[in-house]
Amino acid sequence: MSKKTSKVLAFATGVALILAACGGDDGDSGSEASTPASEAPATEAPAADCGPDVLEGGAGGAEGDAAMKITFDISPDAVWQDGCPITVADFQCSVNATLNTPGSISTTGYDKIISIEAGESSKQVVVTFNAVYAPYKLLFGGLIQASAVADCNDISGDFASLNQVSGREWMMESFSPDQLVYVPNPNYWGDAPTVERVVAVPFADFDTQSAALLAGEVDFIYPQFFAGISDALSDANVTSKIDFGGDYEGFYLQADPARGGPFSDPIFREAFAKSIDRDAVFEQIYIPLSEGKGKLLNCGPIVPGQYCDEAFADQFDPEGAVALLEANGWTKNGEGYWAKDGNAPTIRWIINTGNTRRENTQAFLIPLLQAAGFNVVADNCDAACYFQQRLPALDYDMAMYISTAPPDPAYLVSSFTCAQIPSEANSQQGQNSTGWCNEEASALLEKSDVTVDEAERAQLVKDALKLMAGDYVMLPLFQFPKSGFWRTDRLAGPVDAELNNYRAFNNFSKWEDVDGDGQIVLGAEQWPECLNPVTECANSSWMVWLTAFPILPNVWDTTNDGKLVITNLVTKEPVVEIL
Amino acid sequence: MTNEVVLSLRDFRVTFPTLFGDVQAVRGIDLDVRAGEIVGVVGESGSGKSVTFLGLMGLLPKGARISGSATVNGTELVGAPRQVLREVRGRKVAMIFQDPLSALNPTHRIGHQIVEMIRAHQSMSKAAAMERAIELLNDVGIPQPRERARQYPHEFSGGMRQRVMIAMAIANDPDVLIADEPTTALDVTVQAQILEILQKIQSERQAAIVLITHDLGVVARVADRVQGMYAGRVVERGPVAALYDHPSHPYTQGLLRSLPSVGRDRLVPIPGSPPNMIEPPSGCAFRVRCPHAIDRCSLEVPTLRVVGDLESACLRADELRSVGP
Amino acid sequence: MFRFVMRRLMWALPMTLIITFVVYVALRVGTDPLASYLRVNQRASEKKIQQYIETNGLYEGFGGYVRGYLQWLQGFVTFDWPRSIKGSREVWPEFRDAMFNTLRLGLTATFLGILIGLSFGIFVALKPGGLRDATVSTSSFVAISTPPYVSALLLQLLFAVYWSKWFGQSLLPTSGVYPPGHRGFDLVLMIKHMILPVTVVVIQVVAVYARYMRASLLEVLNSEYMRTARSKGISERRVLVRHALRNALIPIVTVAAIDIGAILGGLIITERIFSYPGLGDFFLGAYDNGDFPQMMPWMFFFTLVVIAFNLLADVLYAVLDPRIRLG
C-alpha cells in the first residue's frame, strides 16, 4: 500500500499536470463496445461513417486576443484503427473533452486555447492561444477519435470497460481485472509491431512479480527499485537495466504565512533548513537502498538536466543557523529548544505511516534536530490521510514525499507559484502545497511558461529555482533509480533502450519475442482501475503506461534523454508563431 | 443350585500397563454363575468388580492385558478372536450400565437403538425388529411404547432410560445379564422398580444376572449369592443370608457397617482408602485398613476357605466370624 | 423440523435487512461517499454531483438514510446498480467475475480442506498418543502458525521458481486465473492455476479441522454410549461410522458452516499473492477509493454469506442433534 501511494503521490503532484497534457485528452466511446476488438476493421476502406472532418462548434473557448498560434500538419497517412483519417475534428474533440468533461483531472494549457480550426485542409490544424504557452509540447497527447464518442464535451461515461480507439502501434483487444491484451493496430501507418500480441498482467507486490518472472510466467517487469533487487532477481535467464528517471524525494517546509506555522517565519525556516545535514541523510538512508547507484540530488524539485543548476548544494551550515537565530532574538529555552518571545515552536513532521524509508529518516533525523534545538515531532498518518487530506490542506510543518518530474518544467508553475496556493480565488484547488510565495520567483516561473525560446526558458527556470533555494522551502534528497528486468530466453531487441523514458517501456512494439510463443507478457506493479483518459482514472503512472501511451496518438513523444520530439502523427515540427 | 453354570471365571486377571508401572486391577478371580440366579458382586470403587466384567466382554481399552479363563456356555472368551466376542456380546452376555443417559446414544432414536441390538444377532426385517423392540419396551413397563420408541434418550426420565437399557439388554434373550451399578444413578423409588424388573427377568427368562454394586443393601434385596471384592481379589463369598448374618471378613463387615439399617444410629465408613494397584500391599491387601490385622497378614496371601456357609479369604476368619457387623 | 427451518428463514430476512441497513449507515457515516466522490472526481460539475447524490440516494438525516437505503436496495435487487465513482464503470460485471473467482477458490479450498482435515483427525483419533498422533499434531501446529503469505511464497518458490531452475520449466503457475493472453474457458488450465492458492488455504483449513476432529472424535470414543454400542456385538465398523463419526461430526459441521464465510472473507491475502482477481482485490480497490457503489454490494454479499451459513449451521445442527430440535 505504501508503495502504491507514494507512487500515486508522485503523480498527484507532478503527473496530474503532465497527464492532462500528455495523456489528457481523449475521448471515444468504448463503453458499449464490450466485444473484443479481435474482429478489427479491415485495413482498407474507412468505415462508412467517419464523422465530420471538422466539428461544427469548433473547440477551445478561452477569451482574449490571440497571442500564439501553432499549426500542425497531420500526416496524410495518419488514420484511426477503423481507417478513418485523423483530422482536425479529433484535435477539437480531444481538447473539448479535456476542457469540459466533468471530473477532467486538469485543463492546464488547454484553457488558453481560443480556437482550433482547419487550415488548408482538414489535415492541417491551427490552434490559437490567448497567451504564449511555452510547454505547448505537452499538449495534444493522447488524442481521442471524435467519431468514437457521443459527446466530446462529456466523455466521463465513455471507456468504462474497453478503449478500442487507436492511433498507434497497438489496439486494446480486451481489458479485465486480470489482464490487458494488445494486438497490432491493422491500420497503423508506421512500422508494424514485431509481435502478434502483448499481454499485461497485474501483481500485488514485488515478491509475486519476481516469482512470476523467475518462473517464466512473465517476460518483463518494471518494479520500483530497491536495494537488493538485483540479488532477488538473479537468474541465468534474467537480465536487468538500472537507470534514472524522474522520481525524486525531498523535504518540504510549510511556508504559507496564512497558515501561521513555525516555518512561516523565514528566519526560523532558514535556520532549520541549514541544520539538516542532507549528506548524512543520503549516507544513512539512500546509499543502502540504492545499491550504490544514486547520488545526492541538488537540483531542487527537478532532476538533473538542462534546468538544473545544483542551486541546492551545500546548504548545511549549523553554525550559521545558530548565528542567524541568535541575531534575530531567538534563545534556547530550558528544554534546549529555540524560542522567541518565550515561544518555542513545535514542528510537526508528517509522513505516511508504514513507509519504512520515511520512518527510518524520521528516526535518524529527529534526535539530531532536537539536539540542535528544534522541537520536531513525528505527526504521521496513513497514506490516504496524508496525501489526500493533510497535504492538500497544507496541514503540516514539514513533509517528505516522492514526486515525478516530467520532461517539461511546466509543473513548477502549478506547484510553486503564489497563485497556486489553495485559496478562495482558486476554489481551494491550487496545487502549491508548500504554501511558498515568492513574487519574484513566481513571476520568473510564469514567464518561463510563456517563453518559447528553449535557452531563455531554461535560464528563467534556473533563476526561479535559485530563489527557491534561497528561501529554504524545499530540500531535495535523492533521484530514484528505475529498473527493468526481463528474461533473455524470451525477450530480445531494444528492451533496455527506453527505461529512462517518461513513457517507460513503451517501445515494446520493437521488442522481439524470442521463445516463439507469439506473445510478450508484461508484469504490472499497479493495475489501471479504469480507462478514461481524461478523468481521475488517468491519475496513475501505470494507467497511462498501459492504457494511454501504447494506443493513443501524440504529437510529441518523450525520449529516453528527456526531450520531446514529434511523432509520425505530423509531417514536420509544428510551426509556432508568437503574435 | 442345580442349574448349569453359564458363566465361569478361573484365575481371571486384568492388568493395565501405564507409564508408572502395571496396574493390577484384577488379580485372579474365580466365579461361577448359574442360569436363573442373581449373583451380587460388591466392593468399593477400584476393587476391580466392573473391570472384571468389562474385561471378559472385551470392552476394556486396547492396552489392557487379560489372562486366565472366562467361559460363557463353554465358549472361552479370553484370547478369543473378535468375531467370537462379537457373537457373545449382546447375544449371550448383555450389559446394563450405571448412567443410562450417557450409555444411550443421544442422537439415535430409542427404538432404533434396540433394533440395532436385535438385528446384530437375528436376521429380522427392520419392521419386525421394531415390533419386537416395542414389545420389549412394553415388557419393561414403558407406557405407550410405540410412541416412545420414536423418541430420543433426552426425552426420557432416568428410570425410563434404565428400563430402555434393560429392554435392549434382554432383546436377544442373553444367558447372562451383567448389570453394572444399574440403580446407582436413580432415586430410591425408581431403584426399587428397576430391581423388580431385574427379578422378573430372572424368574421369567431364567437368565443369570450379575449385579455389580457397591451397595450391599441392593444385593440383599435381590441376589441369591454374593461375592465381595477387594483390590482385585475375592475376599468373601456365599449365600446372601449367610453373609449378612455372619460375615467373617473384616472388609465385608466394614461394608455392612457402612450400610444404613433400622436400629443403627450412625454409619461407620471403612477408614482409609483403596490401595495403589501398581504396588498393592503384600499379603492380604486389606491389612493396611484392617482393625484386626496381624503380622502374618503381610506375609501370606490368604486364600478362600470355607468358614461356615461362606468362603472367606481372611487368615483370622474363624475368630472374626462371631464379631459380626 | 420444517417449522424450525421456516422460523429461522423468516428470521433471516429481517436480519439481512437490519444488518445491511446498519452497514449502509456505517458506510455512509464512516466513509462519506460524497467526499470520496469529490476526491476522485475533483472537477465534477454541480450537475454531476447532484446526479451522483440522486443515483446513490445520499440523502441526509436518519430519514434520508432510510430513504437512501430503500432506494439502494431497490436498485440492488433489480440489478440497477449505480456506477463506480472512478471511471464510471458498471459494478455488476466486475463484481460477478470477482465473486465467481472467489467462490470457486474459497469453496474448493474449504471443502477439500475440511475433508482432508477430518480424515486426518479420524486417522489420529483412532490411535491417539502414538507417533502418528505426534506427527499430525505437530504438523498441524506448524501449519496453523504459518501465515498464508509465507506458505504461499514458499510454494511459489518451490513449484515455480526453483522448479523452472532445476527442470527448465515451472510445474505450477503462480498467478492469475489463466495464463496471460488466454481466452475463453478451459477447465484444465483453470484447475492448474487454482492448485497453489487452494493449497495455501487448504493447509490452514486441514490443520484446524484435523485438530477439531481429533478432539471431537476422542471425546466421543471415550463416551459411555460407545461402550454400549460395542457391548451390542455390532461390527466395529458400524460402531465407528454410525455411533462415533456421526456424533463427532455434529459440532464440526456447525463450526464448518460458520467458518466458510470467514474463509471466503479471509482470502484477500491469498488472492493478492497469487494475483487472483477475486473479491479481496475488488474490495481493496473499492475501499482505497471510498467507492460506495462498489463497497455496498460487497458488504451485502458477505452479510448474506454470513447469515446464510449461520442459518445452515443452525439447521444442520438441528438435523444432526435431536437434543437441539425442540429447543
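Each chain carries a letter (A, B and C) given by its place in the written order, and its residues are counted from 1.
By our rule, contacts are C-beta pairs under 8 Å (C-beta built on N, C-alpha and C of every residue); 3 or more make two chains touch, one makes a residue touch a chain.
Everything quoted here is computed from the prediction, not taken from an experiment.
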- Just by CA atoms, which chain is the most central one? C
- Taking mean CA positions as centres, which chain lies farthest from subunit B? A
- Distance from the mean Cα position of subunit C to that of subunit B, given in whole angstrom: 54
- Could you put a whole-Å number on the gap between the CA centroids of subunit A and subunit B? 91
- Distance from the CA centroid of subunit A to that of subunit C, rounded to the nearest Å? 39
- Message: Give the list of subunit C residues in touch with subunit B in this complex.
- Response: 223-225, 227-236, 242-243, 246-247, 250, 320-323
- Contact set on subunit B toward subunit C in their complex: 54, 57, 59, 82, 85-91, 94-95, 97, 99, 102-109, 116-117, 120-121, 152, 154, 165, 168
- Message: If we count contacts the way the header does, which residues on subunit A are in touch with subunit C in the complex?
- Response: 36, 102-105, 107, 156-157, 159-161, 174, 176-179, 181, 197, 199, 201-205, 207-208, 211-212, 214-218, 235, 384, 388, 429, 519, 521, 529-532, 535-537
- Note on the structure: Seen from subunit C, its contact residues with subunit A in the complex are 39-45, 47-48, 83-84, 86-90, 93-94, 97-98, 153, 156-157, 160-161, 163-165, 169-170, 173-181, 183, 272-277, 281-282, 285, 288-289
